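Two complexes come next, and they have one chain in common, subunit A, joined by subunit B in the first and subunit C in the second.
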Partner chain A sequence: MSAHRAGMTVWEVVLFTVFLAVAGGASVFFFFLNSEDVQYAQRKYEWVQDINRVLDAICLEVSNSAQFEHPFNGSSRECFFRVAGDAGTLLPEESQEGFAFVDNNLLYVSRSGDSTSNLRRFGSFENPLVINCREGRFTRISSDLLEIRFLAQAPGAFSGSREFLRRINLRNR
Partner chain B sequence: MSETSSRSIFEKLIYLGIATFFLWPFVQLWSIKAIPVFDTDTHLRASVALENLMEEALSRPYERGIPRSSFKPVKGCEDIGLQGRIEIFPHPDMPANVMIRATVRWGMFPLGKSLSLEYLRARTRP
Partner chain C sequence: MNRIPDEKQSLIPLIVMICFTLSLVLALFYRVYQADRDLGLMRVAGRQARLAAEAGVNYALEKMRAIVTASDRSADPAALTSLFFSENLESTEWIKYGQKSMAAFRIISIRRMAEGDNERTALLNEGLQYQVIAEGRCGGFRYSTVAVVQFYDLVKTFAVSGSLDEYYYGLPIQPWVERSGGLEEFVDANSELFDSGRLTRLGVCHDPVLLHQFYKPEGEDPFNPIGGTHQLSGNYGRIYARTGDSPCIGPLYCESPVVMDTHNFFGPVQTALYFYRRGTSQPRISLGNTAVAMNSSLRIQHAVDSLEGRNPGDILIDRDSDYYRAYIPPWRPDFNALREISRERGIYIDADGRGFISNAALDVDYHPGEAQLYSDSYRGPTSVRLEQDEFKKKYIVLSSENNFGGYNNISGENLRGARILFSERSVYLRGDIGTDLVVVTPGHIFITGPTNIDSNMNLLLVAGEGTALSTVDLERYIKENSANDEFIDAAREWQIRAAVYKPGAGVYTSTSRPQKGEPVNFRRLFSGRSLKIHVHGACIDGNLQRWIDNTEEGSLRITHNPQAVERLAVRPLSLNLLRQRTRPDL
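Take a look at the complex of A and B:
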C-alpha cells in the first residue's frame, strides 16, 4: 500500500476545517442571537402578540353580545352593544358597552342614558387597551359581519406602522 | 473493489434513502407547525388570517355544501404568499349538521405549511 508519511492526511485536514467552520458559524450565530436586532425583533413580536390577545378578547365579547347596536351600517370610530348577562337575561336598554378609538387610543367604554364613561377594566386588560393607534374604524360589512381595522405604531419605533384587521361574525346580530 | 475507490452511485442512493427515511417525519412535523421553536411573525399573521376567514365563512347564509373549493390568495398577506380556502360539507357522522373548514397555507412545496380551523354548525341556533 502507500508509504507511511508524517503529518496530517488530507481527510484529517478536511475534517478539521469542517469542525472549525461549524464552530465559527455557531459562535457568530450566538453573537447574533444576543444582538440588539434580535432583541428588538423579540420586543416587536411580543407587542404584536399583546395587541392580538386584546383583539381576541374584543372579538369574543362583540361576537357574543346580545344585541349589536351602533354601527348599524357604514363605519364609525366607536361601536356599542348590549352585553349578554350571566343569567341569559338582557340588561336594560339604556346601559350599553362598547369600544371607541379616542385620541389614538382604543378604549373600553360604557354608555348609559346620559353619559359615557371610560374608567373601567376590560377583562384582564387595563383601560387604554391599545395605545398609539391611528385610523381606527369599526365597519359593518353586512348585517352579521363587523370589521375592526387600525394602524398601530410600536412604542420606540420611529417609523413604520402595522395594520391590524379582524372580522367578527355577530352571532346574535 | 479496492479500498481506495469511492462509493458507487448505488450505495450513495441507499444512504440517501436511509437518511430520508429517518428525516421525513421531521419534515412532516414542520409542515403541520408542530415544532413551536419556529413560532414566528408569519405564523401569527397566518393564524389571524385564518380566524378572519372562518368568521367570514360563518357570516354567510346557511349553505349545505361547497365541497371542494380552490385556494385563493388572502388579501393583505400577498408578501408571504398566503392562500386560503373555505370548505362547507355535511358532517360525515351527523348528517343534520354542517362542517365548515377554513385552511390557510404558505411556503413552497417540501417545506410548505398549513393551518386549519373547523366549526360544526347546526341549522337551528341555540
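Take a look at the complex of A and C:
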C-alpha cells in the first residue's frame, strides 16, 4: 500500500490548485475592495441616496401643498406652492414656498409679492439641497401631476452625470 | 471492530474545510443580499406607511358615506355630530391594509369643524366640514394624514346634479362606435387613446387637446379609421351645438365636461372636468357668476395654444383649486336601510300591493295592477343601435285624483302621518300628497301628470330604476271626454313640485310599441302638441336628455327650490375629500 503513496495523486493536485485559486481570488478581491474605484463607487452610491432622500422630502412637501401655483402649465425652472395652514381647515397660507434651479443648484426658496429669497434650510437639509445639477425642470404634466427632472454630477467626477426623475401626484392641486 | 482505512481518514479534514469555505461564501452572499433587501424594504415600508395613512382617510370617507345613507340622521345635517361618526369609526385597533404587507391604519379622530358658511364659496357649505385624522404604519415607519371631508347637501346646493351630463357633453364617441359595429372594435382601432387614459370607454375625455379635437367646430375626424371603413367627414363638433338657455334655473353640477356655445346659464356651474367654450361663442351666467372646474378652461386655452380668446373675465371665474374640489361623488340611496326605516316608522307596501304602517296592516287600497309598456327609443354613449326599455312589471297607484271614484290614498288621513313610503312594486303617482313624504321603490316611479303642485308639502321621489313619465292617463281622458284644444293646452303642461332622483328614465305612452328599427319619439303627442315639464325642486343623477327629446323643444325647466327636502326623513347627502396632508410621525 505504501508503494502507492509515493508522490501526489491527481486529485490532490486539483484540490491544491483550487485552494490556491480561491486564496488568489480572495486577495485580489480584498485589494479591489480597498481600491480607489470602489471607494468612488461607494461615495457615488451615498450621493445618489442623499439626493433620493432630498427628493423624497421634496415630493412629500409638494404633494402636501394646499395650492399649487406655478408652473400652471408646461415647464419651468422653478415651482411655487402654498402650504396648508396649521388650522384644521388646511386652507392655504398667504406666503408661497418653492424650489428653484439656480446656478446649477437646487434651492429651497420663498416668494412674496415682489421678491424671491433663499431659505436657510428645508427640514433637515441645508440649502442648497442639491449641487452640480443641470437642466433642472419642473413640468406640469396635467393639473394633478408634476414632474421633476434634472441631471446631476457626482462631486469630484469630471465626466458623466446621472438623471433624476420624480413624478408627484398633487393631492390638493 | 470496523476500522476506517488511512486514505479515507485523511479525507475528512479536507471535506470539512471545503464545506466550511463554501458555507462562508454562501453566508457572505446571503448577507450582502439581505443588507440590500433591507435597504429596499425600508424605502418600500416608508411608502406603504404613507399610503396606509391615506388609505385610512379614504376608508373613513367610505364608512361615513355608508353610515349616513343607512341612517335617518341625514334628514338633519345638524344631527351628524362628531360623536355620531367617532363612535362608529375611531378605534385604537389597527386595521390591516394590503394582502402581502405589514401595513396597517387606524382612524384616531373625527371632528366637525365649527366654521360658518363662507359667502364667497357659493357651492360649498363650510358648516358641513369634518376633520379626519388617520395613522398608518409599516415596519418602523409611521405617518399620519389630516384630511378635510366636505358634505354636500345636494338638493340645497344644486338644482341639477348629474342629470344634465349628456345634455352638456353629448355622445362624442357614439357615431364611431355605431359605425365600427361595437365598442371593442372601436377601442382596438384607437387603443392608444384608451390605454393612455385620455378617453374612457364611456366616451369621457380627460385630455384638453383631445376635447378640443372632438368639439372644435368644423374639425376633422380625430379617430383612426376602423378596419375596412373610411374616416368620417368630420368630428363630433360638427353635429354638436349647445346654444340657447339652460333648462336648469339654479346651480348646476355635471360630472362630465361642460361644452357650450353662446349659452345662458341661470346659476353657478360646477363640473368635475372641463368647462369648455367653443370657438368665439359668449356663454353667460346670469346669476352667481361662478364656474368651478377641476381643470379650468384656462388650461384648455393653454393646451390649444390660445387659438381662441379667453372666457369673458367679468362673467366667469373659473379656478383650478382654491376652496373647491370639483368632483362630487353621486348619491346612492341604501334601499335596504330605507326599507327598514319605512317598516318601523312609515308605510311599507309589499310585493302584493298590501300596505303596512309600523308593521300593522293598513286598510288602504293602493290599486295594484300589472302592465307591459315600451318606452321611447334612445341611444346610450356606446350604443350601436337604437335602444328601448320594456316595462313588464307590477305596479301600484298613489293617487289623489278622481280616477278611482274620488278615492285618495295619499291624503293626509290615509297616510296616517307617515313621512316615508316604501313600495316593492313600481309606483304610478298623480295628484297632491297630503304630508311631507319620501316615496321609495327599487323599481320605477311614473309621473302621470301635475304632481304635488297645489300642495306646500315636501316630496322626494327615490326610484332605483329611475323616474319616468307616463301619459297614458291623460291620453285616455282626452279621448274619452273629447277634450278641446284649450283643455289640451292646459293639460299638457305638467308642473312637478318635488326633488327627483334619477329623472329621465324614459317616456311611456298608450301608443308605445316595440321600435323595430324605427325611432320611437313622443313629441307632438297631443294632436301635434307636445308635453311640457317643469320641475320645482331639484334633480339628482339620471339623464334628463330623454325627457328633453320627448317634450316640447326648450320647454323642460328645473327651477331650484333649496328647501325641497327640508322637512323629510331622508336627505340626499354626498361627501368627498376636500384637502389632505400627510406627514411622518416623529
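Throughout what follows, the second predicted complex is superposed on the first by the 158 of 173 C-alpha atoms of A that agree within 3 Å, B and C clash if a C-alpha of one lies under 4 Å from a C-alpha of the other, contacts with A are read in each partner's own complex, and residues count from 1 in each chain.
The rule is short, and it goes like this: contacts are C-beta pairs under 8 Å (C-beta built on N, C-alpha and C of every residue); 3 or more make two chains touch, one makes a residue touch a chain.
A quick note: this is a predicted structure, and the numbers were derived from the prediction, not measured.
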{"item": "Partner with the higher number of touched subunit A residues, subunit C or subunit B", "value": "C"}
{"item": "Which superposed partner A:145 touches (first subunit B, second subunit C, both, neither)", "value": "first"}
{"item": "Partner chain in contact with A:66 - subunit B first, subunit C second, else both or neither", "value": "second"}
{"item": "Partner chain(s) touched by A:165 [first = subunit B, second = subunit C, both, neither]", "value": "first"}
{"item": "Which of subunit B and subunit C A:89 touches, first, second, both or neither", "value": "second"}
{"item": "Touching partner for A:42 - first (subunit B), second (subunit C), both, neither", "value": "neither"}
{"item": "Overlapping contact positions on subunit A, where the subunit C interface meets the subunit B interface", "value": "63, 142, 171"}
{"item": "Footprint of subunit A on subunit B - complex, ascending", "value": "40-41, 44, 48, 51-52, 55-56, 58-59, 76, 125"}
{"item": "Partner subunit A, residues of subunit C touching it in the complex", "value": "14, 21, 46, 50, 111, 113, 115, 126, 129, 131, 146-148, 294-295, 298-299, 302-303, 320-323, 325, 579-584"}
{"item": "Subunit C-touching residues of subunit A, taken from the complex the two chains share", "value": "15, 22, 56, 60, 63-64, 66-68, 72-74, 84, 88-92, 142-143, 171-173"}
{"item": "Subunit A to subunit B touching residues, read off their complex", "value": "45, 48-49, 52, 59, 63, 142, 144-145, 163, 165-171"}
